[in-house]
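Next come two complexes, and both contain subunit A; in the first it sits with subunit B, in the second with subunit C.
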Partner chain A sequence: MALSEPAAAAATFERRVLRSAGEHHYLRVWLELPDGGARPSAAQFKQLVVSALRELHGEVGAALPVDVLTYEEKTLSAILRVVSSGLVKLWSALTLLGFYQNRRCAFRVLQVKPCGDWIGQQ
Partner chain B sequence: MSLPPLQRLRQAPRHLLVCEKGHARHARSRHAAHVRDHAYNCRVSFLIPECGLLPEVLKSTIADVGEYYLVRNLPVHELVAHDFIDAFVKKGSCYALTYKTKIDQDNTAALLPNGNLILSVDKDTYEELGLQGRPSKYSGKKVMRYIITIDLTDSGFHPDSKKHNRVLWALKENKPLEFDFLLAWYHTGAEGSTLVSYFSKNQIETLKPKITFSTLRDLQCPLLESNELYGKPEESCSTEELFEWLGAVLNQVSLDNKSSSFLSTYCCPQPNTIVEKAFLCTITGFIIPEKIIQLLEQLCCYFGEPKLACWLTLTVHGFADSPVSWRENEHGFHKGGENLYNFVIFRNLDYWLQMAVGTNDDCPP
Partner chain C sequence: MAGFADLNLPQGSDKKSLQALLETAAHLGYSAVALNHVIDFKEKKQEIVKPVSPSELFPSLPVVQGTSKRIKVLTRLTLVISDPSHCNLLRSTSPNIRLYDIIAVFPKTEKLFHIACTTLDVDLVCINVTEKLPFYFRRPPVNMAIDRGIYFELLYTPAIKDSTMRRYTISNAISLMQICKGKNIVISSAAERPLELRGPYDVANLGLLFGLSEGEAKAAVSTNCRATMLHGETRKSACGIVYTVKKPRKVEEEETLPACKKAKTQA
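Our next item is the complex of A and B:
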């Protein structure tokens, strides 16, 4: 038993509670487009997100740092990352976006997750 | 609480992350208790850096994660029947959770291994049901949801007691509730009757957890120091950074972006090292804590022989729509319903445990 006793260097118990400490929020979204017609590439997709922000929140909104972490052209689904203070701005901008290249479109927000928990569930 | 509108625009929903560090072999370590207290788990994944092939022991542990059952249209009163209580609830750990019910809209039920049956019901059902409960913590000023807890192993809950008859009457005649249930039962010792034979007259399906393996090549891994929860600049990464990185790995996000990149500026936290290959295994299903404890123990034993890896991780996700998170702490969905924990096991068997919950949750234990 003496061997398995933690050595002096072994970690002593410590507990930290972080309240809303995550710097970022993550959104799993998909873009609904009418069938047929061009699908946006990754860069165009990001451009669309930025233009949505600009439309609703102006240049200040467009400057909000948003990352497109993954984007799948086939399914038009993506994971976005945004600073937590910009979550409401991004979400509202995506919701109110109605057109992509003069075609009707809609962003569907599937999941919103803080910190590392942005893994598809259930 | 009323904030100026622009300030409200900057607010994000509250979430909690609790980080603990300790030693897995310490006599008073609570890590196994935390696993046991988190009853309903839908996904378990572990990542072992510098590992190409899984040791046989771990393979057999994964294969042994166990079956679970799906019973369709099961009336809740069958769970409070004494045949059921004597055969399963009192003779092991019995887990039941309603399947495909939404915690913020539907009625939900869950049976905990300690014998508590929890019903989370909307206001109308509560009033019709006629059982005593308490208002949900997260339903606002005008209470629209109630929580009813029934202790099935209580000594006052014997077949002829008033309490038992009342519950049976409420659930059978007054307001019959029916759900699809996920069931699992863990017991040691002599074989009794099985859930399949007990529920043979209902529609019962035996399900196996879905297991996927993958090997990740040339993965950037953060450097961690078991004594430094906060991390040290230039030397090791903090728990939050690790947590974020792990999410990225499990979602196959590219980790080597430049700060000037148009699409994404996410990159692996500094300092990091490139690992030639890493083994990732994901198990999805209705996974009971006893099996997770076994897996955790085997993962600790992985470091029994000298290994290249400095640490490995085990991530467990709870059901987003379960009525409880840890113990009997009420759980709500709000925006994401997250309740999960993550272990980092170090080579010297120090561990980090990160427990995260969303807005409608108590602080993890």
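Our next item is the complex of A and C:
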């Protein structure tokens, strides 16, 4: 399944081959909130992700090792890291999250990669 | 590769919110959507109106992200049937029904599910995801539907709205998968607001949760939707649909060949 969409800015592509499957997957996400709502802080953002996991997958899901590597409160975009075996769980939990503080919201997953080489570029 | 499609955008909402939905769908990467008109026979006499022409409704359609094409808008009719007499409408050649691109039925009982899968001339059979299934799926009608090129539709918006419905969505989907083994599934949204729409890859990932394999999950938002659209198109022609596409500039021309015996809906 082609998971990652090519970055619009980078015109040149390079091919990377991993010798073994990476331990982690990285997701670049963007939280869409209606205008004028309260914006979550970094801690609240992490809590939102964990509560989404707990809601769909229970305590096992909430125990999944997920890290928020970067989070920008201004643009509500973040990079998440998750162990590869938990990618489907995390992704589906983000997809089915519909509310933040009783207001509608949506997680837009922009990119999913098995290696996090664009983290420093932003 | 077939583009992504969302075959269920409710049409009832006003024009402005529909435009917002279309823009979000195009932005998320859907190259085709279907505007859904639902007719529930339980409520008073409802007439089948002519489908609104999308080009009339929206003078300029949004461009699909990542391509230079504009989003394709189809019309779809969903009949909620709770009594065998409602099927007569589909059998009779009602002129207005034929104007819709896709026809779906929502059977309420096991008997009607059987009729919808085996005899009715429809493209989609909707699966109830908002309450516990009133019947068990049985293999013969489901296999028959797969042979006839009819697809089963699962909705994901109820799962976003409410945690109880989420449980029913997943359990009903899994019990369908046990019978159809991941074949002929279409996942669509029925989103009323832009924030309820999800991207095609997100939906494909959701398919993994329903018990589909990666390939089947991706087909559920792409090739299966295309097959449904083509199945709907065969109704308007004599026997089948053949598309010819010019290679260098990819201009689509439509041609129907009366010679072929069977509708080729496989992409």
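Methods note: the second predicted complex is superposed on the first by the 95 of 122 C-alpha atoms of A that agree within 3 Å, B and C clash if a C-alpha of one lies under 4 Å from a C-alpha of the other, contacts with A are read in each partner's own complex, and residues count from 1 in each chain.
Basically, a residue touches a chain if its C-beta (ideal position, glycine included) is under 8 Å from a C-beta of that chain, and two chains touch if they have at least 3 such contacts.
A quick note: this is a predicted structure, and the numbers were derived from the prediction, not measured.
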{"item": "Subunit B or subunit C, by number of subunit A residues touched", "value": "B"}
{"item": "Partner chain in contact with A:113 - subunit B first, subunit C second, else both or neither", "value": "first"}
{"item": "Which of subunit B and subunit C A:46 touches, first, second, both or neither", "value": "first"}
{"item": "Subunit B versus subunit C as contact partner of A:32, first or second or both or neither", "value": "second"}
{"item": "Touched partner set for A:15, first subunit B, second subunit C, both or neither", "value": "first"}
{"item": "Partner chain(s) touched by A:95 [first = subunit B, second = subunit C, both, neither]", "value": "second"}
{"item": "Subunit C-contacting residues of subunit A that also contact subunit B", "value": "5, 88, 112"}
{"item": "Parts of subunit A lying in touch with subunit C, wherever the complex brings them together", "value": "1, 3, 5, 32, 34, 55-56, 88, 91-92, 94-98, 104-106, 108-109, 112"}
{"item": "Touch list for subunit A against partner subunit B, complex", "value": "4-7, 9-22, 24-26, 42-43, 46, 65, 67-71, 79, 81, 84-89, 111-122"}
{"item": "Subunit A-touching residues of subunit C, taken from the complex the two chains share", "value": "28, 66, 156, 159-161, 163, 166, 193, 195-199, 201-206, 208-209, 214-215, 218"}
{"item": "Subunit B residues touching subunit A - in the complex, by the definition given at the top", "value": "8-23, 25-26, 29, 42-43, 226-227, 229, 239-240, 242-248, 250-254, 257, 262-266, 315, 317, 319-321, 335-338, 340, 342, 348-351, 354, 356, 358, 363"}
